[in-house]
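Have a look at the structure that comes next, please.
We just call them A, B, C, D, E and F in the order they show up, numbering each chain from 1.
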Amino acid sequence: MTIVPSIKRDYLANMAKNGKRADGRAFDEFRKIEIETGIVSKAEGSARVKIGNTQVLTGIKMDIGEPYPDTPETGVMTTAAELIPLASPDFEAGPPREDAIELARVVDRGIRESQLIEVEKLCIEPEEKVWMVFIDIHILDYDGNLFDAASLASLAALMTTKVPAKRFELGEDYPLPIKEPPISCTSVKFNDVVVMDPSLDENEIAEVRLTVATDKNEDIRAMQKGLNGSFTRDEIKKVIKASIDNGKKIREQLYKSIGK
Amino acid sequence: MKSEIKLFENGKRLDGRMPDELRNIKIKAGVLHRAEGSCYLEWGGNKVMVAVYGPREAIPRHTQNPLRAIVTARYNMAAFSVDDRKRPGPDRRSREISKVISEALENVILVEKFPRATIDVNIEVLDAEAGTRCAGLTAAAVALVDAGIPMKDIPVSCAAGKIEDQIVLDLGKDEDNYGSADLPIAISPRTGDVLLLQMDGHLTQEEFDKAFDLALKGCHIISDLQKKAILETYQSESGGD
Amino acid sequence: MTIVPSIKRDYLANMAKNGKRADGRAFDEFRKIEIETGIVSKAEGSARVKIGNTQVLTGIKMDIGEPYPDTPETGVMTTAAELIPLASPDFEAGPPREDAIELARVVDRGIRESQLIEVEKLCIEPEEKVWMVFIDIHILDYDGNLFDAASLASLAALMTTKVPAKRFELGEDYPLPIKEPPISCTSVKFNDVVVMDPSLDENEIAEVRLTVATDKNEDIRAMQKGLNGSFTRDEIKKVIKASIDNGKKIREQLYKSIGK
Amino acid sequence: MKSEIKLFENGKRLDGRMPDELRNIKIKAGVLHRAEGSCYLEWGGNKVMVAVYGPREAIPRHTQNPLRAIVTARYNMAAFSVDDRKRPGPDRRSREISKVISEALENVILVEKFPRATIDVNIEVLDAEAGTRCAGLTAAAVALVDAGIPMKDIPVSCAAGKIEDQIVLDLGKDEDNYGSADLPIAISPRTGDVLLLQMDGHLTQEEFDKAFDLALKGCHIISDLQKKAILETYQSESGGD
Amino acid sequence: MTIVPSIKRDYLANMAKNGKRADGRAFDEFRKIEIETGIVSKAEGSARVKIGNTQVLTGIKMDIGEPYPDTPETGVMTTAAELIPLASPDFEAGPPREDAIELARVVDRGIRESQLIEVEKLCIEPEEKVWMVFIDIHILDYDGNLFDAASLASLAALMTTKVPAKRFELGEDYPLPIKEPPISCTSVKFNDVVVMDPSLDENEIAEVRLTVATDKNEDIRAMQKGLNGSFTRDEIKKVIKASIDNGKKIREQLYKSIGK
Amino acid sequence: MKSEIKLFENGKRLDGRMPDELRNIKIKAGVLHRAEGSCYLEWGGNKVMVAVYGPREAIPRHTQNPLRAIVTARYNMAAFSVDDRKRPGPDRRSREISKVISEALENVILVEKFPRATIDVNIEVLDAEAGTRCAGLTAAAVALVDAGIPMKDIPVSCAAGKIEDQIVLDLGKDEDNYGSADLPIAISPRTGDVLLLQMDGHLTQEEFDKAFDLALKGCHIISDLQKKAILETYQSESGGD
């Protein structure tokens, strides 16, 4: 609802006309990514991801609960995101707002629809007891491109999560059963230029946003367009291509960082 | 989630449709008395009512944008519109859908003409099958025309998806539940600009292209139905005078 | 909380002095009523009622749940009304406000206290399982006299509701057991004139409102006075009389529209 | 809901009352220090405390009426006032009762004298039997007088009802649960104008007339008790000086 | 958030310099206390306490519920405080705010941590059924020093509470098992003067507040400092001493008022 | 609540500490990019992140104090910071802790310099053992310095407690659960003024004095760690230039 910061827009658009970004990156280049797991000892899994100065911490808690009546033999997963006022002068305390809800739902669907967690292996007793997986995303420092940082932190946390079987007297702890992760890459467009991994400034002047999650087979696993601008069909194709390329590199780093 | 139900029989879908066939769609504009613009739309088993109010002053004031109108779509499912009663009030799903529809509509409305105003688009899903967000956006566009809100184009929405490895148009209920991908889009039909795009599931790049083409085709068919509905209203209005 | 629209008031009051209403009706005359049932396929019962341009849709959902501890052998009913912003520029999104709450409670009591639904027949297993009846009232178009439209739509929806026994593997579906319905008629007073079935304008200048539900024996089954004006005893008597007369006609139309 | 409990024995009611007899009522005004007006009322097993604040500026401003004061009654039941603990905070029942009491009080208060103001009437039910809305409204009227709020009349409230086909005054707890009709009213005793009227149950037109007459009779008896309580306050105040 | 009422402050500070309080009390003197129990017939226990014009009513309700998983053989207690708008022109309707929450938590901890209620005697069936004790504090008239009035009313109500065994068909009613109560005494400081049992005016100009609960052995059972001022170590010592002295007198009155 | 776990073995505590020994504490200032001041603190098994924003105009306006800044500490526990997942959002405990921390910080901040402003102190507990309020307040003080907020002194917090009749410094998790008293305090180290003081449990007057002394001692040790952390930031900042 704020007035477009037109000076910032002009400056960045002018640079872009000359093929440049303010921080020297290529249009399809991510900032430096850091992935660190095992941050929170009370959590069953946790990871802190930095993309540039953006910093997201995801913690995974597990508990035992009842399955949904229509899926009596599958575990339950829930994703919540909080844009806590710690992370930005613009975030406010209180119940999650549209932005946080969209973020949580996009991360949630990216995990749920790609069937990343093998929820059918999380049944303890059909209709009675299943494992519940709580994915809580905390934005610690907001410097653009929340979607990819939140998604990557959640993947890293889930891939290093131990099912706390011992605490519930169900045998030894074991790793949460996980399939191949799809990697999310987000692009934004302003003044007819499309850039990958938007910085905070680029995020603020973005007219339209597209997040594409792709897997190691280069298949598309999820997409979400945001903001009130539009894409042409051709732009969408290019964004998909760039998302696959970047996804490949990020996937390698993810596996490396969790020691696989 | 994806089980072993057969979704095709002799090349036809469960409800008898061909892969590239839409469900039945009926659109009627100007159906409400109080609203400044309205539209009732049936799309397969979906029934959607839309009412538009505005442009009027945005309240409270701190929500106003001094340079343009804000567009507030409010997608809501009636408690009785689904198999298991839904608790009244917005949930996370409806708030996300409200957001993406608001953004798509804002793209085509000439918001600069109405600084400090709000344009409210109330979308009530009375009966829900699959594809309520496409139905809601499509009906909202007609209601905006009915309200006389100036727009660059009349947006339109449709989905394609994948069931049993086939790309099909406009998923029905079981297809949505047991299919393997859903791709709802909304476009500005005059330019082909993409205003809404979401995808859940699993598509190869080739499948994505095919699904996207099919959804585009659906959009253009529905765009004609929108225009027909608008025309009928004008005619019945002049006929009534 | 709004300033009384005094010009409107003067105009309508002047007409009333000459025995007239703005839309040509007699003081004790309803607008045209339309009743349509079976509107919503997902609902167990539904009806759309138009009184003039006022349009209300009620949907009935049924589910199985636990009875209240103090009535272990009776079904449970719940009535909710939403004044959705679709219906009027004055309705706002958000939790129901006083007006919606009063509306829902008056309709609810009209059904509950008249024992319209034979809740004692909705027990499946005492103390364990009973049928729950959810009555959801949606105002689609608000042009005055919500109480009667909401009440009538709810009656029509309930009288055409099928108990979804099959869905819960409890045998064949069967009609919801219903008794004789009391019919609600609402009057308002302004400038010492009492009119039945107020239009939107009449609603807005009304000083006091009285809703009277009567049954086919001409007995009184529920009353609710609203607004900060007052009635004399004599006026109340007249309102009761007119409510009985109009109730008779509306009852006939209701039975006809549901095919009985 | 209506079971086979015997509500009459030898022409007397369960608590020994005659059909046209009120429960015991005690009214005391000026019982609180901070409030501008207050009243403590016991009515059978009901115990009600009312505090009045105002007229003072209504906040937030958009709630103000530039032509008159708004009257905000807030009926609340203490968590411990009923058999099964009630969750604190307003529910739908208490919000409806707050509304009808506010409307009844607004009728008699000279609201035009205080544009933009609010007059807040806080009604706390500390112990609840049956008839708390009548008790609350009756006590509120006394508290308003104690606060010096100018009124056309002192409103008063009472109910009549039907048990075992007899019309009786002022239903007690079991009578309310097992009776077949309840008719609470509030009036302006000077004119007989009806300020509150609700009815649940089943009454023939003749029974309605009889019940209404009986409730009126109750109102007038209670009106005298209100005036006595107000008088006592003045006397004790002057006595105290 | 209000501007400090500086005239009031100057006046009271000046009196204090001469060793005086506005109502004539000594610095370490309580106002007159009245304790009345058995007020609410629907409650299992109740008490109204007046300290000066401050008036607090606490009601106790008991019910049967499930114990917490980690304490399967102990009853459950819950304390809620409402600063209802009845009691002060400054209290607002709505969900409890910071002040009410602190009040409820301090009273709750005073009862819980001092193990006043013998919760281990409130088990009916381990892991299944325990007694639940609901302590609801209603402020009726606010004229300063809520903490002590609320705490004392809660003690008196609990000490006269009957467990409603009969209502749940568990034998005869019996007194709630209670140990020795710690008594709370509150002091505030302004302009370097510390006074006990602050009046409303003293409360309003207070810079810092200290509540100390002590038992009959003169041991300390709970403390809570409030407001943004500070105490010196020496002041804390003196407050503890004065709290023990006053606690002794109040304890005597409490026992007397409940007939022990 | 207090059970028969042995909390001492050979004069040492469960985690090997002596009675007057603190857990390990690590403090790092300036760890966040967006915040105007920040601090990350590990204290035993506690991990706390604090970000400070402001002074900036308090919104909405009716929260402003025309004479000074308001200090709003917001203590929050991450859902995953405890054994059983905590529902996100404030509860009564976190709101009380936010209040006492806000009050302690307000004492030392020169609030008169910033009328109508708010200074927001966001305290996120990422991993929780025992003593999070002391950890949060101590980290908040460092973050305030990092943000350049003018203060009279750098407040610091520490607790002492009683386990098995011994007074010990800085209770660990089991000690907190099975001990018999906990006394968290916060002070202004320059003057010794007590800014926060709470006590739950059972202490004789002598034990209280001993515990208070021990907590004071802890505060002074931690105060040095705070200053070291602040110095390191300045050095690394100048080193980085």
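Throughout what follows, a residue touches a chain if its C-beta (ideal position, glycine included) is under 8 Å from a C-beta of that chain, and two chains touch if they have at least 3 such contacts.
The structure displayed is predicted, hence computed values, not measured ones.
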Completion exercise
Listing by label each chain that touches chain B and chain C gives none
Problem - Reference chain B; chain at largest CA-centroid distance - result: E
Exercise for the section: With chain centres defined as mean CA positions, report which chain is farthest from chain A. Expected result: D
Fill in the blank from the handout: Taking each chain's centre as the mean of its CA atoms, chain C sits from chain F at a distance in Å of 58
Exercise for the section: Express in whole angstrom the distance between the two chain centres, defined as the mean CA positions of chain A and chain E. Expected result: 49
Practice task
Please work out the Cα centroid separation of chain B and chain F, and write it as a whole number of Å.
Solution key: 52
Problem - For chain B, residues contacting two or more additional chains - result: none
Practice task
Could you tell me which residues belong to chain E and also touch two or more other chains?
Solution key: none
Problem - Circular arrangement of chains, read from chain B onward through chain C - result: B, C, D, E, F, A
Problem - Parts of chain C lying in touch with chain D, wherever the complex brings them together - result: 1, 3, 71, 98, 101-102, 104-105, 109, 113-115, 210, 217-233, 236, 240
Problem - Complex interface listing, chain D residues touching chain E - result: 32-35, 45, 47, 49-51, 53, 56, 74, 76, 78-85, 88-90, 120, 122, 124, 126-128
Completion exercise
As the complex stands, chain E meets chain D at residues 39-43, 46, 53, 55, 57, 59-61, 63, 80, 82, 84-89, 93, 95, 134, 136, 138, 140-143
Fill in the blank from the handout: The chain F residues in contact with chain E across the complex are 1, 62-67, 70, 92-93, 95-96, 98-100, 102-104, 106-107, 183, 188, 192-205, 208, 212
